[in-house]
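A quick write-up on the structure given underneath.
Chain nomenclature is as follows: A, B, C and D, assigned in order of appearance, with residue numbering initiated at 1 for each chain independently.
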Amino acid sequence: MTAGSPGDGVIRLGRHSYGKSEVRVVKVVRGTDRHTLRDMNVAVALEGDFAAAYLGDDNTKLPATDSMRNLVYALAHSHPIESIEAFGLALIEQFLTIPSVSSARLRLVEYPWERLQLHGEAHPHAFVRGAGERIAVVSGDTSGVLTVAAGIDNVMVMKTTASGWSDFYRDAYTTLPDADDRILATVITAHWTYTEQATLDYEPLWGAVRAQILTSFSDHYSPSVQHTLYRIGHAVLERFPAIERISLSFPNKHHLLYDLERFGIENQNEIFHVTSEPYGLIEGTVERRSVTESD
Amino acid sequence: MTAGSPGDGVIRLGRHSYGKSEVRVVKVVRGTDRHTLRDMNVAVALEGDFAAAYLGDDNTKLPATDSMRNLVYALAHSHPIESIEAFGLALIEQFLTIPSVSSARLRLVEYPWERLQLHGEAHPHAFVRGAGERIAVVSGDTSGVLTVAAGIDNVMVMKTTASGWSDFYRDAYTTLPDADDRILATVITAHWTYTEQATLDYEPLWGAVRAQILTSFSDHYSPSVQHTLYRIGHAVLERFPAIERISLSFPNKHHLLYDLERFGIENQNEIFHVTSEPYGLIEGTVERRSVTESD
Amino acid sequence: MTAGSPGDGVIRLGRHSYGKSEVRVVKVVRGTDRHTLRDMNVAVALEGDFAAAYLGDDNTKLPATDSMRNLVYALAHSHPIESIEAFGLALIEQFLTIPSVSSARLRLVEYPWERLQLHGEAHPHAFVRGAGERIAVVSGDTSGVLTVAAGIDNVMVMKTTASGWSDFYRDAYTTLPDADDRILATVITAHWTYTEQATLDYEPLWGAVRAQILTSFSDHYSPSVQHTLYRIGHAVLERFPAIERISLSFPNKHHLLYDLERFGIENQNEIFHVTSEPYGLIEGTVERRSVTESD
Amino acid sequence: MTAGSPGDGVIRLGRHSYGKSEVRVVKVVRGTDRHTLRDMNVAVALEGDFAAAYLGDDNTKLPATDSMRNLVYALAHSHPIESIEAFGLALIEQFLTIPSVSSARLRLVEYPWERLQLHGEAHPHAFVRGAGERIAVVSGDTSGVLTVAAGIDNVMVMKTTASGWSDFYRDAYTTLPDADDRILATVITAHWTYTEQATLDYEPLWGAVRAQILTSFSDHYSPSVQHTLYRIGHAVLERFPAIERISLSFPNKHHLLYDLERFGIENQNEIFHVTSEPYGLIEGTVERRSVTESD
């Protein structure tokens, strides 16, 4: 560290950031025939030349988090919002115009809304909210580096067969029997990072990646959650050259065979009890070899 | 204590019940070509001759809540579960065979699962969970009275126009301006009670009632949440003679116009901020006249 | 039904109410030496002459829920708030001055804050939030009837011994063994109703009732949750003549002995796993005989 | 990358781990006079030679997450659990004996329980749960590196004065006025890392750090949340040489002055409305200079 760095002789301020979370924006585009809708939850985190406020009482370089909120709403108006990724990039650009800000990171969640049907036709301005969430995480700094990541969250899936877990490592604490036909259920959290080359058509890309994840979840016999995770990641990278890595987090939502033999009933993989705790948690990243070489 | 009545001279045990909640059952019907799936959350509450356990230490007339759980799983196996209403009725019948039980009440929640698509076809055994929940509340007693209610929960809907709130009562505490074009958003909770005549085909009925609720939510200009509530209830009763009353609960998920004039931007009902608290809560029951006359 | 009653020939509006929920008010009383603090969550529900809005589009008799919110904040300023019960009564009085309102019901939650210690002394204006919640439910109507109920919510308690469950009813679905030494853990929800005679000193009363509930939870061998529930209710009624009934709801937070014999370890009631689902739910009311006689 | 590394020519498995979350353990130490209680929530994450399961179907090197759970319960029995940090270290040691495991990371949450009072004395075996949570994060690998971090979570604090936010950066999106007397409320999340030298007496240390955090929160006029964050971190490092860094996360639980002037009431910092969204989020690390030099 150079002289003049914040803190006194022995103790210093390390990494720090601040921003506004849970900025809930709904934008309605009021077309003549029908309305379209964006329902977003934006979190802003800024880094920069803020140390004087931490170490003393000089706030002059700190934008208020309230101003960040105002900016999000104002830009939601002026920006077309073709995708939350594109909106995030536009916000980054604005936040980086604040002189003290050196980098900005935005997490945007979009909630899905589907049109209601009215007398057999899609309704022009009435909607019902669907399951799951779309995610974008966009960051940028004053040196011009930009990263764009997208993801899905809270998508719960289940396979009622074609899943097993056997021949695993056994030791003194192993009581679980092998299984070659079990329920596999999880809540998919996936985050993938786009290569930096160019602005992409994020909206259809996101839908295609999501569809690929669901396809790869369901198209094979799963010998382990770990394998299914890798298979999904591999399929996404193979199909989408614009993605350089994908991280997947799979809580194992255990569906356990209920012991009905006590009541003279043979339970042939029909009746399960669902437990929320404890749960297995399997996490992993699949990436292009070139990416990690340079890590 | 006098004979019969529980408690001592001045203090007595009033209404009491006990049971098991959050019994999470998944039933998989393993057809040759494809699996079907029921994902349920069952809560049991029993009333009966239980006072001796409350007033003293005689538990001999109390079934364990653990036994209630076992019964739910066992019956889930032996019962076809054509609907959660029908399953609830079968459970009621079983619980009423316990000698000390005088009445039983079951609340069943069903979580919706949709088939995944694989290469353009509905997958035989892979599913994704949808939004919202289906509810059944079934109760019965040893005198033979049975009531069956059904419902929907956690269905979030929004209209981006065709909703207003004006010419309301104004007093010293009124600061809200009139609005003839606002967002109307709510999370629908609806519970309807079937007439007692006969066993009904609950499965298609539920879907049709749900569709009617969504249609009636979206087919008119809403001068108030109150009016839309009544309109929905009226349409359901008019169309479904098997329903004798419906109760609706509508939290008003406020979407407020964000003040952008401060930044020189005219916000023509395009940019809204969403708040979760406080919220208006509008509740009401719509019923057949004959029903309430006898209340 | 008489002419003019709401609804058409066969379908009518039943019971209905509306109001504002999650009104979050903090009142700081800025004494010279120290501040005191009330942190409340208020829910308002009004009934009255509102049918014209439900059946048609006439809102003229409906106060906006936004006005209700304003009133809560304004009255929080002008009212001393000696207790949430007293504040609730003052709010009721105000809401009943709205010409169309026939009855009002308020649920107030108060969050507990304890003073921080600074250099061994109670801090004049810094606080840390404690566990559990205080509840008041107050209702009144234009005929002059007032009811005041108080309660506690989310108070989790545990006994690690002196609790059992044995000699219960056994049938084909019973697999649970008898237990004469188990953990008893629950989250206490208690609601008690005061007699109508007079305004009471609600603040110390509430603390004394809460203390009695905890004492009665812990002062005996519990042969069943049911018995402990009654014992608590009985003790409260015996000690507090101003209370006419108390309702208690006890979810059984099961702490199950973990099977360690599989690993050659004898588990003498030392190691438990905690499950959140399913759970037993024991509910009951204890009341003065005179009360229920007249029910 | 060396030959034989996982993945095919272009796509490879990146960082991956798996384990068991939400393992809920209660340990009761049954002393002759009184019981003591540990209530823990353990999450295990292991890294190691697991690639064969991800890339193919070879599970032979993977312990089941169910076995991890068993180990946690078994060790909870045999280990004295003087602190969750010490228990975490003992678990790490065990997990590292699994041949394929190269590193283990444990997150342990402890829920606080206070003794109930019975007739003026601390109860020997009855408890009520307090607010807030204690955290330990312990990790280790086969090379012998161990890290021990501790923390607090969900501790909500408030100052009703002696806090301001003024002279901050203003631009076109700034509408917030300066404030020199506002409520400062936050939910403290703090995580601190111990130096590696030796096993520490974690139990009293944790209490002393927690007390210091609360003291430093309340002992000054706060010109910004940022400043208070740094001040807390600095005080902790200054007083506890065994701590090498501390990270703090402070959501700003906004308490906004309610506009009562509209009703002719002057609101002199007395009546506030509480909002949960959006919220400012201020995060930072304070660390010893030596630490970061070597980063």
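Simple rule for what comes next: a contact is a pair of C-beta atoms (placed from the backbone, for glycine too) under 8 Å apart; a residue touches a chain by one contact, two chains touch by 3 or more.
Everything numeric here is computed off the predicted structure, so don't read it as measured data.
Trainee: Let me spell it out: compute each chain's centre from its C-alpha atoms, then which one is farthest from chain A's centre?
Mentor: Comparing chain centres, C lies farthest from chain A.
Trainee: Count the touching C-beta pairs: is A-C or B-C ahead?
Mentor: It is B-C, judged by the count of C-beta pairs in contact.
Trainee: Distance from the CA centroid of chain B to that of chain C, rounded to the nearest Å?
Mentor: 22
Trainee: Based only on mean CA positions, could you tell me how far chain A sits from chain B in angstrom?
Mentor: One centre to the other, that is 31 Å.
Trainee: Cα centroid separation between chain A and chain C, in whole Å?
Mentor: Those two chain centres are 38 Å apart.
Trainee: At least two partner chains per residue is the criterion; list those residues in chain B.
Mentor: 23-24, 70, 74, 173, 175, 262-263, 275-277, in rising order.
Trainee: What part of chain B is in contact with chain D in the complex they form?
Mentor: Listed in rising order, the residues are 172-173, 175, 262-263, 275-277.
Trainee: Please give the residue numbers of chain D that touch chain A in the complex, ascending.
Mentor: Contact set of chain D toward chain A: 1, 7, 9-24, 43, 45, 50, 53-71, 74, 98, 100, 165-171, 173-176, 223-227, 229-230, 233-234, 237-238, 245, 247, 251-252, 276-290, 292-293.
Trainee: Which of the residues in chain B come into contact with chain A in the complex?
Mentor: Answer in residue numbers: 23-30, 35, 37, 39, 70, 73-74, 76-78, 113, 116-119, 123, 125-131, 155-162, 183, 211, 214-215, 217-219, 255, 258, 260, 262-263, 265, 267-275.
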